[in-house]
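Going in written order, the chains are labelled A, B, C, D and E, and every chain counts its residues from 1.
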Amino acid sequence: MNMMSEAAVEKALDKKMNDIALKMIGKDVSVHYGEKRALYDVNLNVRENTVTALIGPSGCGKSTFLRCLNRMNDTIDNCKVTGKITLDADDIYDPNIDVVELRARVGMVFQKPNPFPKSIYENVAYGPKIHGLARSKADFDQVVEASLQRAGLWNEVKDRLHESGTGLSGGQQQRLCIARAVAVSPEVILMDEPCSALDPIATAKVEELIHELRTNYTIVIVTHSMQQAARVSQRTAMFHLGHLVEENDTDKMFTNPDDQRTQDYIMGRFG
Amino acid sequence: MNMMSEAAVEKALDKKMNDIALKMIGKDVSVHYGEKRALYDVNLNVRENTVTALIGPSGCGKSTFLRCLNRMNDTIDNCKVTGKITLDADDIYDPNIDVVELRARVGMVFQKPNPFPKSIYENVAYGPKIHGLARSKADFDQVVEASLQRAGLWNEVKDRLHESGTGLSGGQQQRLCIARAVAVSPEVILMDEPCSALDPIATAKVEELIHELRTNYTIVIVTHSMQQAARVSQRTAMFHLGHLVEENDTDKMFTNPDDQRTQDYIMGRFG
Amino acid sequence: MTNIVSPVAGAVSPAAAPRRDIGIKRRYAAERRFRAYGIAAITFGVVFLILLLSTVIRNGYTAFQQTAITIPVEISEKLIDPDNKRATDPSVLIAANYPAVVRDAIVKQLGIDPSKRTEVREAAAMISKGAPIQLRNLVVANPALIGTTVNVTFLADANIDSANKGQIDLNVPEANRKVSDTQIGWMNQLKSAGAIEKQFNTGLFTSGNSSRPEAAGLGVALVGSLYLMLIVLALSLPIGVAASIYLEEFAPKNKLTDLIEVNINNLAAVPSIVYGLLGLSVFINFAGFPRSASLVGGLVLTLMTLPTIIIATRAALRAVPPSIRSAALGLGASKMQMVFHHVLPLAMPGILTGTIIGLAHALGETAPLLLIGMVAFVADIPGTPLEPSTALPVQIYMWANEAERAFVERTSGAIIVLLLFLILMNLGAILLRRRFERRW
Amino acid sequence: AARDQVQVAGSSTVLPYAKIVAESFGETFPDFKTPVVESGGTGAGLKEFCKGVGPDTIDIANASRKINEKEAEACKAAGVTEIQEVKIGYDGIVFATDSSNGDMKIEAKDIYKALAAEVIVDGKLVANPYKDWSEINDTLPKGPIAAYIPGSKHGTREVFEEKVMKEGCKEAGSTDVIKGLISDAKEASAKCIAVRKDGVAVDIDGDYTETLARIAANKTGVGVFGLAFYENNADKLKVATVGGVAPSTETISSGEYSVSRPLFFYVKKAHLGVIPGLKEYVNFFVADQMIGPEGPLAEYGLVAAPDAEREEIRKSVEEGKTM
Amino acid sequence: MSTSLILLSLLVIGIAAYVMASSRANALSGGKSSNLHSRPGYYGSYAAVWAMLPSLIVLALWLSISPSIIETSIRGAFPDEVKAQPAATQNLNYGMVSAIARGLPKLTAEEVAGITDGSIDIQAKLGEKGVPLAGAAEPYMIEGAKNLTAKTAVSRLVMTGVVLLLAVAGAAYGLRSVAPRFRARNQVERVMLWGLIVASSIAILTTIGIVLSMLSEAARFFAMVPASDFFFGTVWDPRFAGAGGTSTEGQFGLIPLLAGTLYIGFVAMLVAVPVGLFAAIYMAEYASPRLRSLAKPLLEVLAGIPTIVYGFFALVTVGPFLRDLSQQVNGLVTGNYMNFIQAQSVLTAGIVMGIMLIPYVSSLSDDIITAVPRAMRDGSLGLGATRSETIKKVILPAALPGIVGALLMTASRAIGETMIVVLAAGVAARIDINPFEPMTTVTVKIVSQLTGDLEFTSPQTLVAFALGITLFCITLCLNIYALYIVRKYREQYE
């Protein structure tokens, strides 16, 4: 397992070197909420089997961009997206695309934890159920346990799997939502501040999870912790006031960014 | 202003030395959610004009304890609180106590941002209005602006004060909730992870606010960032699995804690 | 704001700090008032309900009892089959002079001189006019009874029933009453002989309608209402929920859907009789369904109930927080799945409330049934929804308009039955609703 | 779909009688199902009746008035060409008050004066000024005028207008005065029967039970009832004599008591012998056993037609005479 | 085959298609469902839909259209002199033909022969078999009837064949479409969506039906009575225009009815809305779960009591009580024991109707208030708001759209109610601003003009249709206005 994972990492690095494996490509993405413009012509690519971190001050459009990647913005009435986003070369805003399939391939963890008012078990089992990823009761049990394990929640909830998911603490809810998203094993996972309500240990677990997922999945993560971005991501994109300021390898970004604003932001000299 | 604030700090330090000004005293506080016990005989005091940080792994009972301090747990059907909590020597669980007055004196910022589905302005003006703290339109304008300023949100929203508070980004909503709580100037402010969705700059602003508030108010803050706890608090309490593990001066806590578990947690060796 | 609160002297308790005036007294008074309004509102409703129910029950509980007269009846061959032809011609048994048999029995029991014609007639009037038919059915079923004397329990005439229940004011001049003093005397005579007694009125639930109050029952109406409600439930709930789902979750928000929304609200304001007109022209004249049939009634009531269910359902759907929807969509659920797996269960209490209220309305409605011929005298219990039948409110309406005094208690009795029906019908929905209710 | 029972619709005044007959019919002929008798009013009944021929249309329409020209034409146009008219007897219309009141003797002109919209005072037509019964006729009891009369859609209302208001108008000598004042004959006669609208005369659109309840709620009120209804509630009501005659089956059938109207039903001849039981039902209905003075209908309150008239009815049914 | 048998076979074919398609999909997935676009059940449903839906549509169309096609062809074969008759007579003739056709299968061959050569009286013969004929049949009718029977039989045979064939073909098509990348779920969901659309169109159809069923009659009314007299008339006095009656037709002024409708509805809402809302608030926010689960169904009983019971309650209890009360009050205040509240009055009707309407407000509002997320309450309570402040300032605004919906429905019920008004406020059409006097409503008049003894073509009856249409339009306008208001104040939580 470890062997394989290393091999995969290498493969991913290879790809990155050749700059070929672009899982998702955003071209001139602009978003309006009614009159208000939230994103300005963002050009951002997401590489396969890579963790891409989105950083930037609060309200700069990180969540908005993230939501464009699996078309969750469609559900907001007055939200208008222009530009082009592709997933494996398919335009995801093409009218022929099946949004549901898209969202099954591009999973999402929301910024505000939003568990279903159902039991913890059902929360996690829901995705596999609708996608037919598990058949028997045993399959489900296994998927639920594995997902909760990965999100570092299993020990806390294993005795109360059939109690309501809304009766969990804030951090537990957040991990539940992560477990729920992981359970359907999407190709791309979008995480909007997945560790915001987590203590360092839980955060470490989630980061470990991200690291582990990277071998097979593509991950985009929004975070406001520079340290976290530095720890988990290979690529980092910095937003400011709706503009993409800079996109770069994480190492470079945190040591020697091209843009002055990035530098200022990372140094905390901003605002 | 700076002068005065310094004087106040000194006074607070004085008090601390004499260990007298205990704003709130929790004695043998236990909480059950239905069958499940969430807190075990917690004895924790909150000192006046001091920032007390509550730390501990996710799900350990920090929010639960915090909610006990202004009786927000009353609103959860199956939640039972035992033990005694006093505010300025009044037992707050006394049947004669007035919960409304209590909550006006002990304000709260929740873990999940919960702006009202009203305009930003109305969100902030709500508290002053119900408590009659402002009368004229000008009063209100002034309170709203001051509060939003303090929460570091003013610049971002000053042009859209009359748009809905639910249309803000996650971090903006969190700051809106802080502004809303500050607007009623309570004696004690309880903050449940107020910076979880905030970028470093916004976080710094909120921390500055906390610092500034400390001169006049008593603050209890839940955080999972050790750094933040170390930065803003004078006293720190560490929870684990519903037990209060240790309560100590922050300096001591982060350098030489009495309890092994605290040490482990702070060092990240936990879980 | 940065003013320092008054300096605290030494170790004095900080409680001495002056409290802010946040109008707590005034606000608590408002709070108490508000609460009191709530209690008053509920009390108001419940008191009126109790008042109504107690009136109805006071007037109607007697309807569940029925006076019966048990007398020995001599089934004489002379009267029934004088020519002894019953073996060859069974119709003899049907056409026989049973009224005379009944008359003779009561006359004999009371010991009246059979030659006094008016007295005999008065005595015979004490027994229900259905008695001869009852006797006939008895004899036809068992011809061996002929020539024997059997004890038969007859229903008392409605007026005797009322007198026995003490509902007749004996101070009224005899001429203005339906029961004469002689009959009262006889009644008491029978009572002391143990021949008259009150029994549970099973006929109220099993018999069809009748022009004789003592024999009138709700059988047809109960079956009819049952059919109606089954049809309404089976159609209006799925259609209503489906329509609401489309309008609330799928329909593009444009002028057209606005129009539909307004239109549905408006349908709720259409007087119910207009639905009757619609049913008459669409279901009977156009589609050719039979008149007076509960199928047509059910369809009409369905159309009438739909707006209620749709309005309630839409309100309930709208109340489901958007975060639940995003959560489901984010997991790759289709919109259909999102609706049926998450939104609908959360909206269930509201939907069930709409159903409860809508069905209650449909159960109590008469006007639309008038035009499709369900306000009718129907004696035979319908076997299928295509046969003529009535409904409980119709029966109440018709009995309320009857001239005979004995129908007064039966009207109230029928109302009680209707309310029991309502409670039984709603019980399932209420329990279900409690299961679905949760706060989040 | 073939139908195995007779379907009847129409007047709610005839309904109780039709009900009694239908029920006895069902009991007497166990082979036939009991006919279904709808209520809903003469107009609606005739409308259904005239819809056409066939098992999906009704067989009999009960009516508290004669079918009129337009309706007969509509019937014809729909193929209902042969209609038998059967008169079943008379419905007496009485005035009654709460039984707590003293005896009441009224004349048509009293009613006219009490209820007309406009009356003649000093040779001029003025809005009805009377407020108390005793202002009209000092033999009447003291008390504010209140009357509960059938609504304008009821057949009884027509009888009330024709036989009471119009008569009263004539008796009071107002007819001629009004004719003198108003040239248009139609309008003049309308003035005679117009009922005041100031809340003193209350239209009742429901049934007599409602009138009864209203009188119970307002003891000084006078209500208009059918004879049958009055007889069943004689303990609560006190009937008024009209022109000195007390209403009863005898006085009405003899014509002494004038306020009455005939009741009918109409049979679709094409259905006779086709719908099971229809012919038998009609014959059963017109038998003396039912509509005779000793029959259950009379007992309920129907005023039986005189012997000769009943014989006539039976004969025309027998012959199948159509309109 | 009879229609029900056809339906049954369709069902069988559908189920078979479902089973086959889903097992085929299962096989294709090779145990890994991620190979498939949709879950196997969706493929099954897809095939079942293809098997049943087109054939059902064809069946329905065939059943509804073929009779008229056959009718045209039969009528075309009528003799020329018959064709020359007026349309009404022709319709009657065709009615005869179809009646004979209904009877023919019940006759034996000899009888048919007898009828054809005229040796048997057809009217009597068919009468024996329970098929009524309006008149004597002519030879061409018997011919037509035979023709009709034959054509109907052929049509049915062809229909059975076509429908079953279509079902099998559909099933086969559905089965063939099963492929890993085939979007079965989307297709099935599209069908479901159409199902939902059809369900919502029932509301539209109802409206159209209502309007159509009233429009032509209303037009006839307006042909007899000028519209201006109706819309602007202030006197409602339709006279009895019975058989050969001498009286004129009276006046049909809408205004008093409209005023009464609005007034009584207003008073009823004045009772129902505060009581219902406060009850809802109390149940949702203050009451213990036990009290709530008791009070709510109890109040709902109020909605199920037949309105006639309310009516008598008003007539016998409430009305006289208010009258006597007013008598006493007046006596105590002025010394004149004269009642100023009539036993039948707007007030009585309003109060009693208001009571009936309580559950419409309370139950629905309670559900909606309960559905407001807890975070909203916590937010407000945490700021030190009292419960009532929280309710008034946060919860009610958030629940507003739903509550307004409930209120609209309540108002609608108030406008549509008859029996209570009849018994509690009477049927006198008057204009008055005094709520202690009787008035009446449009609905009452619609009901009373539709029932009763008048002939159906008289304006007295037809006015009911005009009233219906007018009421419809007025409530429509009110609803549009309400929608506009709701849109303006809607607050979306989260």
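Please note the rule applied: a residue touches a chain if its C-beta (ideal position, glycine included) is under 8 Å from a C-beta of that chain, and two chains touch if they have at least 3 such contacts.
These numbers were taken from a predicted model, which means no experiment stands behind them.
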*Any chains in contact with both chain B and chain D?*
C, E
_Starting at chain C, fewest touch steps before arriving at chain E_ = 1
_As a test of understanding: of all chains, whose mean C-alpha position lies farthest from that of chain E?_
B
*Using CA atom means as chain centres, which chain is nearest the centre of all the protein shown?*
E
*By the contact definition above, name the pair with the higher C-beta contact count: B-E or B-C.*
B-E
*Distance from the CA centroid of chain A to that of chain E, rounded to the nearest Å?*
50
_Geometric centre distance via CA averages, chain B-chain A, whole Å_ = 30
*What is the distance, in whole Å, between the centres of chain C and chain D, each centre taken as the mean of its C-alpha atoms?*
31
*With chain centres defined as C-alpha means, what is the inter-centre distance between chain D and chain E in Å?*
34
_Residues of chain C touching at least two other chains_ = 22, 27-28, 31, 322-323, 334-335, 346, 370-371, 400, 439-440
*For chain E, jot down the residues that touch at least 2 other chains.*
185-186, 312, 374, 384, 386, 389, 447, 450-451, 492-494
_Per-residue multi-chain contacts in chain A, two or more chains_ = 100-101, 112, 130-131
*asked:* Let me make sure I understand the interfaces: which chain pairs count as touching?
replied: A-B, A-C, A-E, B-C, B-E, C-D, C-E, D-E
*Which of the residues in chain C end up touching chain E in this complex?*
22, 27-28, 30-31, 34-35, 37-42, 44-46, 48-49, 51-52, 55-56, 238-240, 242-243, 245-247, 250-251, 258, 260-275, 277-278, 281-282, 303, 306-308, 310-312, 314-316, 318-323, 334-336, 346-347, 349-350, 353-354, 356-357, 360-361, 363-367, 370-371, 392-393, 396-397, 400, 415, 418-419, 422-423, 426, 430, 434, 437, 439-440
*Interface residues, chain A side, partner chain C - complex*: 70, 72, 75, 77, 100-101, 103-105, 107-110, 112, 114-117, 126-127, 130-131, 164, 166, 177, 180-181, 184, 186
*Tell me, which parts of chain D touch chain C in their complex?*
1, 3, 5, 7, 9, 12, 15-16, 18-20, 22-23, 26-27, 30, 33-34, 36-40, 44, 48, 51, 56, 58, 99, 206-209, 226, 228-229, 231-235, 296, 300-301
*Which bits of chain E are touching chain D when the two form their complex?*
88, 92, 95, 99, 124, 126-127, 130-135, 235, 237-240, 242-248, 250, 312, 315-316, 319-320, 323, 342-344, 422-423, 426-428, 430, 437-438, 444, 447-457, 460-461
_Help me check something: in the complex, which residues belonging to chain B touch chain A?_
33, 36, 55-59, 63-64, 111-113, 152, 156, 160, 167-172, 175, 192-193, 196-205, 224-226, 265, 268, 270-271
